[in-house]
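Here come two complexes built around chain A, the first alongside chain B, the second alongside chain C.
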Partner chain A sequence: MSAGLSGLRAWLAQRLSAVYLGLYFIFAVLAIAVHPHLSYEEWRSWLANPWVLLATGIFMVALLMHAWIGVRDILLDYVHPLWLRVSAYGLVVMFLLACGLWAAKILLQASGL
Partner chain B sequence: MATPQRPVFLNLFKIRLPLPGVVSFAHRVSGALMFFGIPFVLYLFDLSLSGPEGFAQARSWAGSLWLTPVIVLLAWSLCYHLLAGIRYLLMDLDLGIDRKASYLSAAWVAGLALLLSLWLLLEIYL
Partner chain C sequence: MRFSIYRYASESDGKPGMQDFDLSDEDIEPGMMLLGALLKLKEQDPTLSFRRSCQEGVCGSDAMNINGRNGLACITPLKSLKEPVELRPLPGMPVIRDLVVDMENFYRQYRAAEPWLQLDEPEPEVEIKQSPQQRAQLDGLYECILCGCCSAACPSYWWNPERFLGPAALLQSARFVLDSRDQATEKRLGQLDDAYKLFRCHSIMNCVQVCPKGLNPTRAIAKIKHAMLKKDF
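For the complex of A and B:
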(Lines of atoms letter the chains of each structure in order from A and count residues from 1; the text may use other names and numbers.)
(Lines give C-alpha, C1' and ligand atoms only; values in the text may rest on other atoms or scores of the structure.)
Protein backbone atom coordinates (compact mmCIF):
# COMPACT_ATOMS: atom_id res chain seq x y z
CA MET A 1 0.00 0.00 0.00
CA SER A 2 2.75 2.45 0.91
CA ALA A 3 4.63 1.84 -2.34
CA GLY A 4 1.46 2.20 -4.37
CA LEU A 5 0.50 5.38 -2.56
CA SER A 6 3.81 7.21 -2.73
CA GLY A 7 4.27 10.55 -4.41
CA LEU A 8 1.72 11.87 -6.84
CA ARG A 9 -0.84 9.12 -6.25
CA ALA A 10 -0.83 9.77 -2.50
CA TRP A 11 -1.16 13.49 -3.16
CA LEU A 12 -4.17 12.87 -5.41
CA ALA A 13 -5.74 10.26 -3.12
CA GLN A 14 -5.45 12.67 -0.20
CA ARG A 15 -7.33 15.38 -2.09
CA LEU A 16 -10.04 13.14 -3.55
CA SER A 17 -10.71 11.55 -0.15
CA ALA A 18 -10.71 15.05 1.40
CA VAL A 19 -13.48 16.19 -0.96
CA TYR A 20 -15.60 13.13 -0.13
CA LEU A 21 -15.02 13.45 3.62
CA GLY A 22 -15.91 17.14 3.50
CA LEU A 23 -19.14 16.52 1.59
CA TYR A 24 -20.12 13.69 3.93
CA PHE A 25 -19.40 15.87 6.97
CA ILE A 26 -21.62 18.67 5.66
CA PHE A 27 -24.36 16.13 4.86
CA ALA A 28 -24.10 14.61 8.37
CA VAL A 29 -24.13 18.00 10.11
CA LEU A 30 -27.19 19.09 8.12
CA ALA A 31 -28.94 15.81 8.94
CA ILE A 32 -28.21 16.33 12.66
CA ALA A 33 -29.34 19.95 12.50
CA VAL A 34 -32.64 18.94 10.89
CA HIS A 35 -33.32 16.24 13.52
CA PRO A 36 -32.18 17.74 16.82
CA HIS A 37 -33.75 15.24 19.21
CA LEU A 38 -33.39 11.92 17.49
CA SER A 39 -34.92 8.79 18.98
CA TYR A 40 -33.20 5.41 18.90
CA GLU A 41 -35.69 4.06 16.35
CA GLU A 42 -35.15 7.01 14.00
CA TRP A 43 -31.37 6.72 14.34
CA ARG A 44 -31.45 3.01 13.64
CA SER A 45 -33.78 3.19 10.65
CA TRP A 46 -31.80 6.11 9.20
CA LEU A 47 -28.64 3.98 9.27
CA ALA A 48 -30.45 0.93 7.88
CA ASN A 49 -31.14 2.91 4.70
CA PRO A 50 -28.96 1.29 1.99
CA TRP A 51 -27.85 4.67 0.62
CA VAL A 52 -26.79 5.94 4.03
CA LEU A 53 -24.98 2.64 4.66
CA LEU A 54 -23.19 2.84 1.32
CA ALA A 55 -22.23 6.49 1.84
CA THR A 56 -21.00 5.69 5.37
CA GLY A 57 -19.05 2.65 4.16
CA ILE A 58 -17.31 4.75 1.50
CA PHE A 59 -16.74 7.39 4.17
CA MET A 60 -14.93 4.88 6.40
CA VAL A 61 -12.68 3.70 3.56
CA ALA A 62 -11.91 7.32 2.57
CA LEU A 63 -11.30 8.25 6.22
CA LEU A 64 -8.85 5.40 6.86
CA MET A 65 -6.95 6.12 3.64
CA HIS A 66 -6.85 9.86 4.39
CA ALA A 67 -5.66 9.16 7.95
CA TRP A 68 -2.96 6.79 6.72
CA ILE A 69 -1.52 9.23 4.18
CA GLY A 70 -1.69 12.13 6.66
CA VAL A 71 -0.06 10.29 9.54
CA ARG A 72 2.54 8.82 7.18
CA ASP A 73 3.49 12.34 6.08
CA ILE A 74 3.76 13.53 9.68
CA LEU A 75 5.93 10.56 10.67
CA LEU A 76 8.10 11.06 7.59
CA ASP A 77 8.81 14.64 8.67
CA TYR A 78 9.49 14.10 12.36
CA VAL A 79 10.68 10.50 12.90
CA HIS A 80 14.11 10.13 11.32
CA PRO A 81 15.61 6.77 12.41
CA LEU A 82 14.40 4.30 9.79
CA TRP A 83 13.70 1.42 12.19
CA LEU A 84 11.60 3.67 14.40
CA ARG A 85 9.62 5.11 11.49
CA VAL A 86 8.93 1.70 9.97
CA SER A 87 7.79 0.40 13.36
CA ALA A 88 5.51 3.41 13.74
CA TYR A 89 4.09 2.75 10.26
CA GLY A 90 3.34 -0.82 11.29
CA LEU A 91 1.52 0.31 14.43
CA VAL A 92 -0.49 2.91 12.51
CA VAL A 93 -1.51 0.40 9.83
CA MET A 94 -2.60 -2.14 12.46
CA PHE A 95 -4.52 0.56 14.32
CA LEU A 96 -6.32 1.70 11.17
CA LEU A 97 -7.07 -1.84 10.00
CA ALA A 98 -8.56 -2.65 13.41
CA CYS A 99 -10.70 0.50 13.17
CA GLY A 100 -11.78 -0.55 9.67
CA LEU A 101 -12.82 -4.03 10.82
CA TRP A 102 -14.70 -2.53 13.74
CA ALA A 103 -16.51 -0.08 11.46
CA ALA A 104 -17.36 -2.90 9.02
CA LYS A 105 -18.86 -4.88 11.90
CA ILE A 106 -20.95 -1.91 13.05
CA LEU A 107 -22.24 -1.20 9.53
CA LEU A 108 -23.02 -4.88 8.86
CA GLN A 109 -25.05 -5.02 12.07
CA ALA A 110 -26.78 -1.74 11.22
CA SER A 111 -27.78 -3.15 7.83
CA GLY A 112 -29.70 -5.85 9.67
CA LEU A 113 -27.73 -8.78 8.26
CA MET B 1 29.13 40.95 19.98
CA ALA B 2 30.93 37.66 19.63
CA THR B 3 30.43 35.56 16.52
CA PRO B 4 27.52 33.12 16.92
CA GLN B 5 28.30 29.65 18.20
CA ARG B 6 28.40 26.97 15.54
CA PRO B 7 26.67 24.65 14.80
CA VAL B 8 23.35 26.41 15.27
CA PHE B 9 20.57 24.14 16.43
CA LEU B 10 17.09 25.24 15.52
CA ASN B 11 14.93 25.70 18.58
CA LEU B 12 11.35 25.12 17.51
CA PHE B 13 10.11 27.24 20.42
CA LYS B 14 12.13 30.24 19.24
CA ILE B 15 10.90 30.18 15.65
CA ARG B 16 8.07 32.65 15.16
CA LEU B 17 5.93 31.19 12.41
CA PRO B 18 3.88 33.56 10.26
CA LEU B 19 0.10 33.09 10.50
CA PRO B 20 -0.19 30.81 7.43
CA GLY B 21 2.53 28.65 9.01
CA VAL B 22 0.58 28.41 12.27
CA VAL B 23 -2.55 27.47 10.30
CA SER B 24 -0.57 24.78 8.48
CA PHE B 25 0.86 23.31 11.69
CA ALA B 26 -2.55 23.38 13.37
CA HIS B 27 -3.94 21.47 10.37
CA ARG B 28 -1.52 18.66 11.25
CA VAL B 29 -2.30 18.83 14.94
CA SER B 30 -6.06 18.68 14.34
CA GLY B 31 -5.59 15.74 11.95
CA ALA B 32 -3.46 13.86 14.47
CA LEU B 33 -6.02 14.50 17.24
CA MET B 34 -8.80 13.05 15.09
CA PHE B 35 -6.62 10.03 14.25
CA PHE B 36 -6.55 9.20 17.97
CA GLY B 37 -10.25 10.03 18.22
CA ILE B 38 -11.35 7.37 15.67
CA PRO B 39 -11.74 4.48 18.16
CA PHE B 40 -13.49 6.76 20.64
CA VAL B 41 -16.06 7.81 18.05
CA LEU B 42 -16.44 4.23 16.77
CA TYR B 43 -17.10 3.11 20.34
CA LEU B 44 -19.88 5.69 20.77
CA PHE B 45 -21.24 4.81 17.31
CA ASP B 46 -21.32 1.08 18.12
CA LEU B 47 -22.91 1.72 21.51
CA SER B 48 -25.58 4.04 20.06
CA LEU B 49 -26.74 1.30 17.68
CA SER B 50 -26.67 -1.55 20.22
CA GLY B 51 -30.19 -0.86 21.51
CA PRO B 52 -32.32 1.80 23.22
CA GLU B 53 -30.26 1.54 26.45
CA GLY B 54 -26.98 1.80 24.56
CA PHE B 55 -28.32 4.77 22.62
CA ALA B 56 -29.27 6.57 25.84
CA GLN B 57 -25.91 5.69 27.38
CA ALA B 58 -23.97 6.95 24.33
CA ARG B 59 -25.95 10.17 24.43
CA SER B 60 -25.33 10.72 28.15
CA TRP B 61 -21.60 9.94 27.75
CA ALA B 62 -21.27 12.34 24.83
CA GLY B 63 -22.87 15.02 27.01
CA SER B 64 -21.04 14.14 30.24
CA LEU B 65 -18.77 16.58 32.00
CA TRP B 66 -15.64 14.42 32.19
CA LEU B 67 -15.62 13.81 28.43
CA THR B 68 -16.07 17.51 27.65
CA PRO B 69 -12.37 18.14 26.86
CA VAL B 70 -12.35 15.23 24.40
CA ILE B 71 -15.58 16.34 22.71
CA VAL B 72 -14.43 19.98 22.52
CA LEU B 73 -11.04 19.03 21.04
CA LEU B 74 -12.61 16.67 18.49
CA ALA B 75 -15.28 19.21 17.48
CA TRP B 76 -12.67 21.92 17.00
CA SER B 77 -10.36 19.54 15.12
CA LEU B 78 -13.13 18.49 12.77
CA CYS B 79 -14.26 22.05 11.95
CA TYR B 80 -10.75 23.43 11.74
CA HIS B 81 -9.38 20.56 9.63
CA LEU B 82 -12.31 20.89 7.20
CA LEU B 83 -11.96 24.67 6.75
CA ALA B 84 -8.15 24.63 6.51
CA GLY B 85 -8.47 21.70 4.10
CA ILE B 86 -10.85 23.66 1.86
CA ARG B 87 -8.29 26.50 1.92
CA TYR B 88 -5.56 24.13 0.71
CA LEU B 89 -7.80 22.67 -2.01
CA LEU B 90 -8.47 26.21 -3.27
CA MET B 91 -4.74 26.90 -3.18
CA ASP B 92 -4.16 23.75 -5.25
CA LEU B 93 -6.41 25.43 -7.81
CA ASP B 94 -4.12 28.49 -7.65
CA LEU B 95 -6.72 30.52 -5.77
CA GLY B 96 -5.52 32.90 -3.05
CA ILE B 97 -1.84 32.03 -3.21
CA ASP B 98 -0.38 35.52 -3.03
CA ARG B 99 0.98 36.75 0.29
CA LYS B 100 -1.85 39.06 1.23
CA ALA B 101 -4.65 36.63 0.32
CA SER B 102 -2.99 33.74 2.15
CA TYR B 103 -2.69 35.78 5.36
CA LEU B 104 -6.30 36.87 5.07
CA SER B 105 -7.65 33.37 4.38
CA ALA B 106 -5.54 31.94 7.22
CA ALA B 107 -7.16 34.40 9.63
CA TRP B 108 -10.62 33.58 8.27
CA VAL B 109 -10.02 29.83 8.68
CA ALA B 110 -8.87 30.23 12.28
CA GLY B 111 -11.83 32.46 13.18
CA LEU B 112 -14.54 30.56 11.32
CA ALA B 113 -13.33 27.26 12.76
CA LEU B 114 -13.90 28.59 16.28
CA LEU B 115 -17.42 29.75 15.37
CA LEU B 116 -18.30 26.51 13.57
CA SER B 117 -17.04 24.31 16.39
CA LEU B 118 -18.91 26.46 18.91
CA TRP B 119 -22.11 25.88 16.92
CA LEU B 120 -21.38 22.13 16.71
CA LEU B 121 -20.84 21.98 20.47
CA LEU B 122 -24.12 23.81 21.07
CA GLU B 123 -25.82 21.20 18.85
CA ILE B 124 -24.28 18.44 20.97
CA TYR B 125 -24.91 19.93 24.41
CA LEU B 126 -28.27 21.66 23.97
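For the complex of A and C:
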Protein backbone atom coordinates (compact mmCIF):
# COMPACT_ATOMS: atom_id res chain seq x y z
CA MET A 1 0.00 0.00 0.00
CA SER A 2 2.77 2.40 -0.82
CA ALA A 3 3.98 4.32 -3.83
CA GLY A 4 6.21 1.34 -4.58
CA LEU A 5 3.18 -0.84 -5.20
CA SER A 6 2.62 -0.28 -8.91
CA GLY A 7 3.10 -2.07 -12.17
CA LEU A 8 4.10 -5.69 -11.87
CA ARG A 9 4.20 -5.71 -8.05
CA ALA A 10 0.65 -4.39 -7.74
CA TRP A 11 -0.54 -6.82 -10.39
CA LEU A 12 1.14 -9.73 -8.62
CA ALA A 13 -0.11 -8.65 -5.18
CA GLN A 14 -3.64 -8.48 -6.60
CA ARG A 15 -3.42 -12.06 -7.88
CA LEU A 16 -1.71 -13.57 -4.83
CA SER A 17 -4.16 -11.89 -2.46
CA ALA A 18 -7.03 -13.17 -4.63
CA VAL A 19 -5.74 -16.73 -4.26
CA TYR A 20 -5.54 -16.34 -0.47
CA LEU A 21 -9.01 -14.75 -0.29
CA GLY A 22 -10.41 -17.66 -2.29
CA LEU A 23 -8.78 -20.26 -0.06
CA TYR A 24 -9.89 -18.50 3.14
CA PHE A 25 -13.41 -18.22 1.78
CA ILE A 26 -13.57 -22.00 1.22
CA PHE A 27 -12.10 -22.57 4.69
CA ALA A 28 -14.63 -20.22 6.32
CA VAL A 29 -17.61 -21.74 4.51
CA LEU A 30 -16.48 -25.24 5.51
CA ALA A 31 -15.96 -24.13 9.12
CA ILE A 32 -19.50 -22.75 9.27
CA ALA A 33 -20.88 -25.81 7.46
CA VAL A 34 -19.58 -28.20 10.14
CA HIS A 35 -21.21 -26.02 12.83
CA PRO A 36 -24.72 -25.51 11.45
CA HIS A 37 -26.10 -24.15 14.74
CA LEU A 38 -23.22 -21.97 15.80
CA SER A 39 -23.74 -20.32 19.18
CA TYR A 40 -21.96 -17.15 20.22
CA GLU A 41 -19.68 -19.06 22.63
CA GLU A 42 -18.73 -21.62 20.00
CA TRP A 43 -18.07 -18.79 17.55
CA ARG A 44 -15.80 -17.02 20.07
CA SER A 45 -13.84 -20.13 20.98
CA TRP A 46 -13.44 -20.93 17.29
CA LEU A 47 -12.10 -17.45 16.59
CA ALA A 48 -9.82 -17.58 19.67
CA ASN A 49 -7.86 -20.44 18.15
CA PRO A 50 -4.46 -18.90 17.34
CA TRP A 51 -4.34 -20.50 13.89
CA VAL A 52 -7.79 -19.21 13.01
CA LEU A 53 -6.81 -15.80 14.35
CA LEU A 54 -3.66 -15.78 12.28
CA ALA A 55 -5.50 -16.91 9.13
CA THR A 56 -8.19 -14.29 9.69
CA GLY A 57 -5.63 -11.58 10.33
CA ILE A 58 -3.85 -12.40 7.08
CA PHE A 59 -7.26 -12.50 5.40
CA MET A 60 -7.99 -8.94 6.54
CA VAL A 61 -4.63 -7.66 5.30
CA ALA A 62 -5.09 -9.46 1.97
CA LEU A 63 -8.65 -8.15 1.64
CA LEU A 64 -7.63 -4.54 2.32
CA MET A 65 -4.68 -4.73 -0.06
CA HIS A 66 -6.82 -6.36 -2.75
CA ALA A 67 -9.50 -3.72 -2.35
CA TRP A 68 -6.97 -0.88 -2.42
CA ILE A 69 -5.29 -2.07 -5.63
CA GLY A 70 -8.63 -2.76 -7.30
CA VAL A 71 -10.25 0.57 -6.43
CA ARG A 72 -7.04 2.41 -7.32
CA ASP A 73 -7.08 0.71 -10.74
CA ILE A 74 -10.64 1.86 -11.35
CA LEU A 75 -9.77 5.43 -10.31
CA LEU A 76 -6.64 5.39 -12.54
CA ASP A 77 -8.81 4.31 -15.46
CA TYR A 78 -11.67 6.74 -15.12
CA VAL A 79 -10.78 9.71 -12.89
CA HIS A 80 -8.34 11.95 -14.71
CA PRO A 81 -8.28 15.34 -12.90
CA LEU A 82 -5.44 14.90 -10.41
CA TRP A 83 -7.10 16.76 -7.49
CA LEU A 84 -10.25 14.64 -7.85
CA ARG A 85 -8.30 11.39 -8.03
CA VAL A 86 -6.14 12.26 -5.02
CA SER A 87 -9.26 13.20 -3.03
CA ALA A 88 -10.87 9.91 -4.01
CA TYR A 89 -7.71 8.05 -2.95
CA GLY A 90 -7.92 9.84 0.40
CA LEU A 91 -11.53 8.78 0.97
CA VAL A 92 -10.79 5.17 -0.02
CA VAL A 93 -7.71 5.00 2.24
CA MET A 94 -9.66 6.41 5.19
CA PHE A 95 -12.48 3.92 4.64
CA LEU A 96 -10.12 0.94 4.29
CA LEU A 97 -8.06 2.07 7.29
CA ALA A 98 -11.22 2.34 9.40
CA CYS A 99 -12.26 -1.17 8.30
CA GLY A 100 -8.79 -2.45 9.13
CA LEU A 101 -8.76 -0.89 12.60
CA TRP A 102 -12.23 -2.21 13.31
CA ALA A 103 -11.20 -5.72 12.22
CA ALA A 104 -8.01 -5.47 14.29
CA LYS A 105 -10.09 -4.52 17.33
CA ILE A 106 -12.40 -7.52 16.84
CA LEU A 107 -9.47 -9.89 16.38
CA LEU A 108 -7.64 -8.51 19.43
CA GLN A 109 -10.77 -8.93 21.55
CA ALA A 110 -11.22 -12.47 20.26
CA SER A 111 -7.64 -13.32 21.11
CA GLY A 112 -8.34 -12.25 24.71
CA LEU A 113 -5.48 -9.74 24.85
CA MET B 1 -28.12 -2.20 -50.66
CA ARG B 2 -28.46 0.48 -47.98
CA PHE B 3 -25.57 2.15 -46.18
CA SER B 4 -25.53 4.64 -43.34
CA ILE B 5 -22.18 6.42 -43.22
CA TYR B 6 -20.74 8.89 -40.72
CA ARG B 7 -20.02 12.25 -42.38
CA TYR B 8 -17.94 14.99 -40.80
CA ALA B 9 -15.00 17.16 -41.73
CA SER B 10 -13.04 18.74 -38.91
CA GLU B 11 -12.45 22.00 -40.84
CA SER B 12 -16.17 22.51 -41.58
CA ASP B 13 -18.54 24.03 -39.04
CA GLY B 14 -21.25 21.46 -39.75
CA LYS B 15 -22.29 18.90 -37.18
CA PRO B 16 -21.29 15.26 -37.51
CA GLY B 17 -24.12 13.00 -38.69
CA MET B 18 -25.06 9.83 -40.51
CA GLN B 19 -25.84 10.00 -44.22
CA ASP B 20 -27.78 7.32 -46.09
CA PHE B 21 -26.43 5.89 -49.33
CA ASP B 22 -27.99 3.40 -51.74
CA LEU B 23 -26.12 1.02 -53.98
CA SER B 24 -28.22 -0.57 -56.73
CA ASP B 25 -28.11 -4.34 -57.11
CA GLU B 26 -26.50 -4.20 -60.57
CA ASP B 27 -23.51 -2.40 -59.03
CA ILE B 28 -22.93 -5.29 -56.64
CA GLU B 29 -20.73 -8.04 -58.03
CA PRO B 30 -20.62 -11.55 -56.58
CA GLY B 31 -18.01 -11.88 -53.84
CA MET B 32 -17.71 -8.10 -53.52
CA MET B 33 -16.03 -6.73 -50.42
CA LEU B 34 -17.22 -3.69 -48.48
CA LEU B 35 -14.36 -1.61 -49.89
CA GLY B 36 -15.65 -2.30 -53.43
CA ALA B 37 -19.03 -0.91 -52.42
CA LEU B 38 -17.41 2.14 -50.84
CA LEU B 39 -15.50 2.85 -54.06
CA LYS B 40 -18.80 2.67 -55.98
CA LEU B 41 -20.41 5.04 -53.48
CA LYS B 42 -17.50 7.42 -53.92
CA GLU B 43 -18.38 7.56 -57.61
CA GLN B 44 -21.86 8.76 -56.54
CA ASP B 45 -20.44 11.30 -54.07
CA PRO B 46 -16.75 12.12 -54.60
CA THR B 47 -16.58 13.98 -51.26
CA LEU B 48 -17.02 10.70 -49.32
CA SER B 49 -13.62 10.11 -47.71
CA PHE B 50 -11.88 6.99 -46.48
CA ARG B 51 -8.38 5.53 -46.62
CA ARG B 52 -7.50 2.51 -48.71
CA SER B 53 -4.52 1.17 -50.55
CA CYS B 54 -3.75 -2.51 -51.18
CA GLN B 55 -7.38 -3.77 -51.14
CA GLU B 56 -6.35 -7.19 -49.83
CA GLY B 57 -5.95 -6.85 -46.08
CA VAL B 58 -2.21 -6.29 -46.00
CA CYS B 59 -1.69 -2.53 -45.73
CA GLY B 60 -4.20 -1.91 -42.95
CA SER B 61 -5.38 1.46 -44.30
CA ASP B 62 -9.12 0.90 -44.43
CA ALA B 63 -9.86 0.05 -40.81
CA MET B 64 -13.27 1.32 -39.78
CA ASN B 65 -16.17 0.54 -37.52
CA ILE B 66 -18.51 -1.73 -39.52
CA ASN B 67 -21.91 -2.37 -37.95
CA GLY B 68 -20.39 -1.68 -34.53
CA ARG B 69 -17.28 -3.82 -34.95
CA ASN B 70 -13.84 -2.66 -36.07
CA GLY B 71 -12.56 -4.33 -39.21
CA LEU B 72 -10.96 -3.88 -42.60
CA ALA B 73 -13.42 -2.93 -45.35
CA CYS B 74 -11.35 -4.70 -48.02
CA ILE B 75 -11.67 -8.16 -46.48
CA THR B 76 -15.24 -7.84 -45.17
CA PRO B 77 -17.64 -9.55 -47.62
CA LEU B 78 -20.73 -7.43 -48.37
CA LYS B 79 -22.85 -10.58 -48.05
CA SER B 80 -21.92 -10.95 -44.37
CA LEU B 81 -23.33 -7.52 -43.44
CA LYS B 82 -26.75 -6.66 -42.09
CA GLU B 83 -28.55 -3.72 -43.75
CA PRO B 84 -28.35 -0.81 -43.43
CA VAL B 85 -24.59 -1.18 -43.18
CA GLU B 86 -23.51 1.34 -40.54
CA LEU B 87 -20.01 2.70 -41.14
CA ARG B 88 -18.26 4.89 -38.62
CA PRO B 89 -14.64 5.98 -38.11
CA LEU B 90 -12.52 4.00 -35.64
CA PRO B 91 -13.82 4.84 -32.15
CA GLY B 92 -11.68 6.86 -29.76
CA MET B 93 -9.58 8.53 -32.45
CA PRO B 94 -10.03 12.15 -33.60
CA VAL B 95 -11.90 12.39 -36.90
CA ILE B 96 -10.21 14.27 -39.73
CA ARG B 97 -12.93 13.66 -42.30
CA ASP B 98 -15.72 11.07 -42.63
CA LEU B 99 -14.04 7.69 -42.02
CA VAL B 100 -10.50 9.10 -41.90
CA VAL B 101 -9.07 9.39 -38.36
CA ASP B 102 -5.94 10.98 -36.94
CA MET B 103 -3.68 8.08 -35.93
CA GLU B 104 -0.81 10.21 -34.63
CA ASN B 105 -1.21 9.05 -31.03
CA PHE B 106 -1.43 5.43 -32.16
CA TYR B 107 1.90 5.79 -34.01
CA ARG B 108 3.44 7.64 -31.06
CA GLN B 109 2.65 4.65 -28.85
CA TYR B 110 4.08 2.34 -31.52
CA ARG B 111 7.33 4.37 -31.46
CA ALA B 112 7.33 4.20 -27.65
CA ALA B 113 7.55 0.41 -27.93
CA GLU B 114 10.89 0.91 -29.77
CA PRO B 115 10.06 -1.66 -32.43
CA TRP B 116 13.54 -2.46 -33.66
CA LEU B 117 16.27 -4.90 -32.64
CA GLN B 118 18.66 -3.41 -30.11
CA LEU B 119 22.17 -4.72 -29.48
CA ASP B 120 24.72 -3.93 -26.76
CA GLU B 121 27.51 -5.69 -28.56
CA PRO B 122 28.84 -4.50 -31.92
CA GLU B 123 26.82 -5.77 -34.85
CA PRO B 124 28.14 -9.11 -36.09
CA GLU B 125 29.52 -9.49 -39.60
CA VAL B 126 26.91 -12.09 -40.47
CA GLU B 127 23.25 -12.48 -39.57
CA ILE B 128 22.38 -13.55 -36.00
CA LYS B 129 21.15 -17.10 -36.10
CA GLN B 130 17.97 -18.36 -34.45
CA SER B 131 16.84 -21.90 -33.80
CA PRO B 132 13.44 -22.85 -35.25
CA GLN B 133 12.09 -22.79 -31.67
CA GLN B 134 13.37 -19.27 -31.10
CA ARG B 135 11.88 -18.19 -34.41
CA ALA B 136 8.56 -19.79 -33.49
CA GLN B 137 8.34 -17.41 -30.50
CA LEU B 138 7.64 -14.60 -32.95
CA ASP B 139 4.68 -16.29 -34.65
CA GLY B 140 1.46 -14.43 -33.95
CA LEU B 141 3.42 -11.24 -33.24
CA TYR B 142 5.25 -10.19 -36.41
CA GLU B 143 2.13 -10.42 -38.62
CA CYS B 144 0.57 -7.20 -37.25
CA ILE B 145 -0.22 -4.66 -39.99
CA LEU B 146 -0.86 -1.71 -37.63
CA CYS B 147 -4.40 -1.09 -38.87
CA GLY B 148 -5.45 0.11 -35.42
CA CYS B 149 -8.61 -2.02 -35.13
CA CYS B 150 -7.47 -3.46 -31.78
CA SER B 151 -6.39 -0.28 -30.01
CA ALA B 152 -9.52 1.53 -31.24
CA ALA B 153 -11.64 -1.26 -29.72
CA CYS B 154 -9.86 -1.20 -26.34
CA PRO B 155 -11.68 0.61 -23.51
CA SER B 156 -8.40 1.02 -21.61
CA TYR B 157 -6.95 2.79 -24.67
CA TRP B 158 -10.08 4.96 -24.95
CA TRP B 159 -9.68 6.18 -21.36
CA ASN B 160 -5.88 6.59 -21.31
CA PRO B 161 -4.63 6.87 -24.92
CA GLU B 162 -1.66 9.05 -23.99
CA ARG B 163 -0.30 6.79 -21.26
CA PHE B 164 -1.50 3.25 -22.00
CA LEU B 165 0.40 1.91 -25.01
CA GLY B 166 -2.59 -0.02 -26.32
CA PRO B 167 -2.77 -3.58 -27.67
CA ALA B 168 -1.06 -2.89 -31.02
CA ALA B 169 2.06 -1.30 -29.49
CA LEU B 170 2.18 -3.92 -26.71
CA LEU B 171 2.06 -6.68 -29.32
CA GLN B 172 5.20 -5.08 -30.79
CA SER B 173 6.77 -4.86 -27.32
CA ALA B 174 6.18 -8.59 -26.92
CA ARG B 175 7.58 -9.23 -30.38
CA PHE B 176 10.93 -7.68 -29.35
CA VAL B 177 10.94 -8.88 -25.73
CA LEU B 178 10.58 -12.45 -26.99
CA ASP B 179 13.10 -12.10 -29.82
CA SER B 180 16.22 -14.13 -28.95
CA ARG B 181 18.39 -11.67 -30.91
CA ASP B 182 17.34 -8.56 -28.99
CA GLN B 183 19.64 -7.54 -26.13
CA ALA B 184 17.53 -4.79 -24.60
CA THR B 185 15.00 -7.13 -22.97
CA GLU B 186 15.67 -5.88 -19.41
CA LYS B 187 15.39 -2.25 -20.47
CA ARG B 188 12.17 -2.93 -22.36
CA LEU B 189 10.62 -4.76 -19.40
CA GLY B 190 11.75 -2.04 -17.00
CA GLN B 191 10.17 0.68 -19.14
CA LEU B 192 6.83 -1.15 -19.21
CA ASP B 193 6.74 -1.72 -15.44
CA ASP B 194 4.65 1.24 -14.31
CA ALA B 195 0.97 1.81 -13.59
CA TYR B 196 0.01 2.87 -17.12
CA LYS B 197 2.02 1.62 -20.10
CA LEU B 198 1.10 -2.06 -19.82
CA PHE B 199 -0.88 -2.52 -16.64
CA ARG B 200 -3.98 -0.59 -17.76
CA CYS B 201 -4.76 -3.76 -19.72
CA HIS B 202 -7.54 -5.60 -17.90
CA SER B 203 -7.78 -8.51 -20.35
CA ILE B 204 -11.05 -7.22 -21.83
CA MET B 205 -10.01 -8.97 -25.07
CA ASN B 206 -11.88 -6.69 -27.50
CA CYS B 207 -8.54 -6.56 -29.32
CA VAL B 208 -8.59 -10.32 -29.88
CA GLN B 209 -12.19 -10.21 -31.06
CA VAL B 210 -11.62 -7.58 -33.76
CA CYS B 211 -8.08 -8.29 -35.05
CA PRO B 212 -8.49 -8.84 -38.81
CA LYS B 213 -5.29 -10.89 -38.86
CA GLY B 214 -6.50 -13.20 -36.09
CA LEU B 215 -3.74 -12.17 -33.67
CA ASN B 216 -4.02 -12.25 -29.90
CA PRO B 217 -2.63 -9.12 -28.20
CA THR B 218 -4.00 -10.24 -24.81
CA ARG B 219 -1.82 -13.34 -24.95
CA ALA B 220 1.15 -11.21 -26.05
CA ILE B 221 0.61 -8.95 -23.02
CA ALA B 222 0.46 -12.02 -20.77
CA LYS B 223 3.79 -13.14 -22.24
CA ILE B 224 5.32 -9.76 -21.35
CA LYS B 225 4.06 -10.13 -17.77
CA HIS B 226 5.51 -13.63 -17.67
CA ALA B 227 8.88 -12.30 -18.87
CA MET B 228 8.71 -9.61 -16.14
CA LEU B 229 8.05 -12.26 -13.51
CA LYS B 230 10.96 -14.37 -14.76
CA LYS B 231 13.24 -11.32 -14.64
CA ASP B 232 12.27 -10.21 -11.12
CA PHE B 233 11.72 -13.49 -9.29
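Keep this in mind: the second predicted complex is superposed on the first by the 111 of 113 C-alpha atoms of A that agree within 3 Å, B and C clash if a C-alpha of one lies under 4 Å from a C-alpha of the other, contacts with A are read in each partner's own complex, and residues count from 1 in each chain.
The criterion applied here is as follows: a residue touches a chain if its C-beta (ideal position, glycine included) is under 8 Å from a C-beta of that chain, and two chains touch if they have at least 3 such contacts.
Owing to the predicted nature of the structure, the values given are computational and were not obtained by experimental measurement.
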item	value
Partner chain in contact with A:Leu76 - chain B first, chain C second, else both or neither	second
Partner chain(s) touched by A:Ala18 [first = chain B, second = chain C, both, neither]	first
Which superposed partner A:Leu8 touches (first chain B, second chain C, both, neither)	second
Which superposed partner A:Pro36 touches (first chain B, second chain C, both, neither)	first
Superposition-derived comparison: chain B or chain C, residues of chain A touched	B
First, second, both or neither for A:Leu97, with chain B first and chain C second	neither
Touched partner set for A:Gln109, first chain B, second chain C, both or neither	first
Residues on chain A engaged by chain C in the complex (per definition of touch)	6-8, 10-12, 73, 76-78
Residues of chain C defined as touching chain A within the complex	156, 159-160, 192-196, 198-200, 202, 225, 228-229, 232
Interface residues, chain B side, partner chain A - complex	28, 31-32, 34-35, 38-39, 42, 45-46, 48-49, 51-52, 55-56, 78, 82, 85-86, 89, 92, 120, 123
Chain B contact footprint on chain A (complex, rising order)	15, 18-19, 22, 25, 29, 32-33, 36, 40, 43-44, 47, 63, 67, 70-71, 74, 96, 99, 102-103, 105-106, 109-110
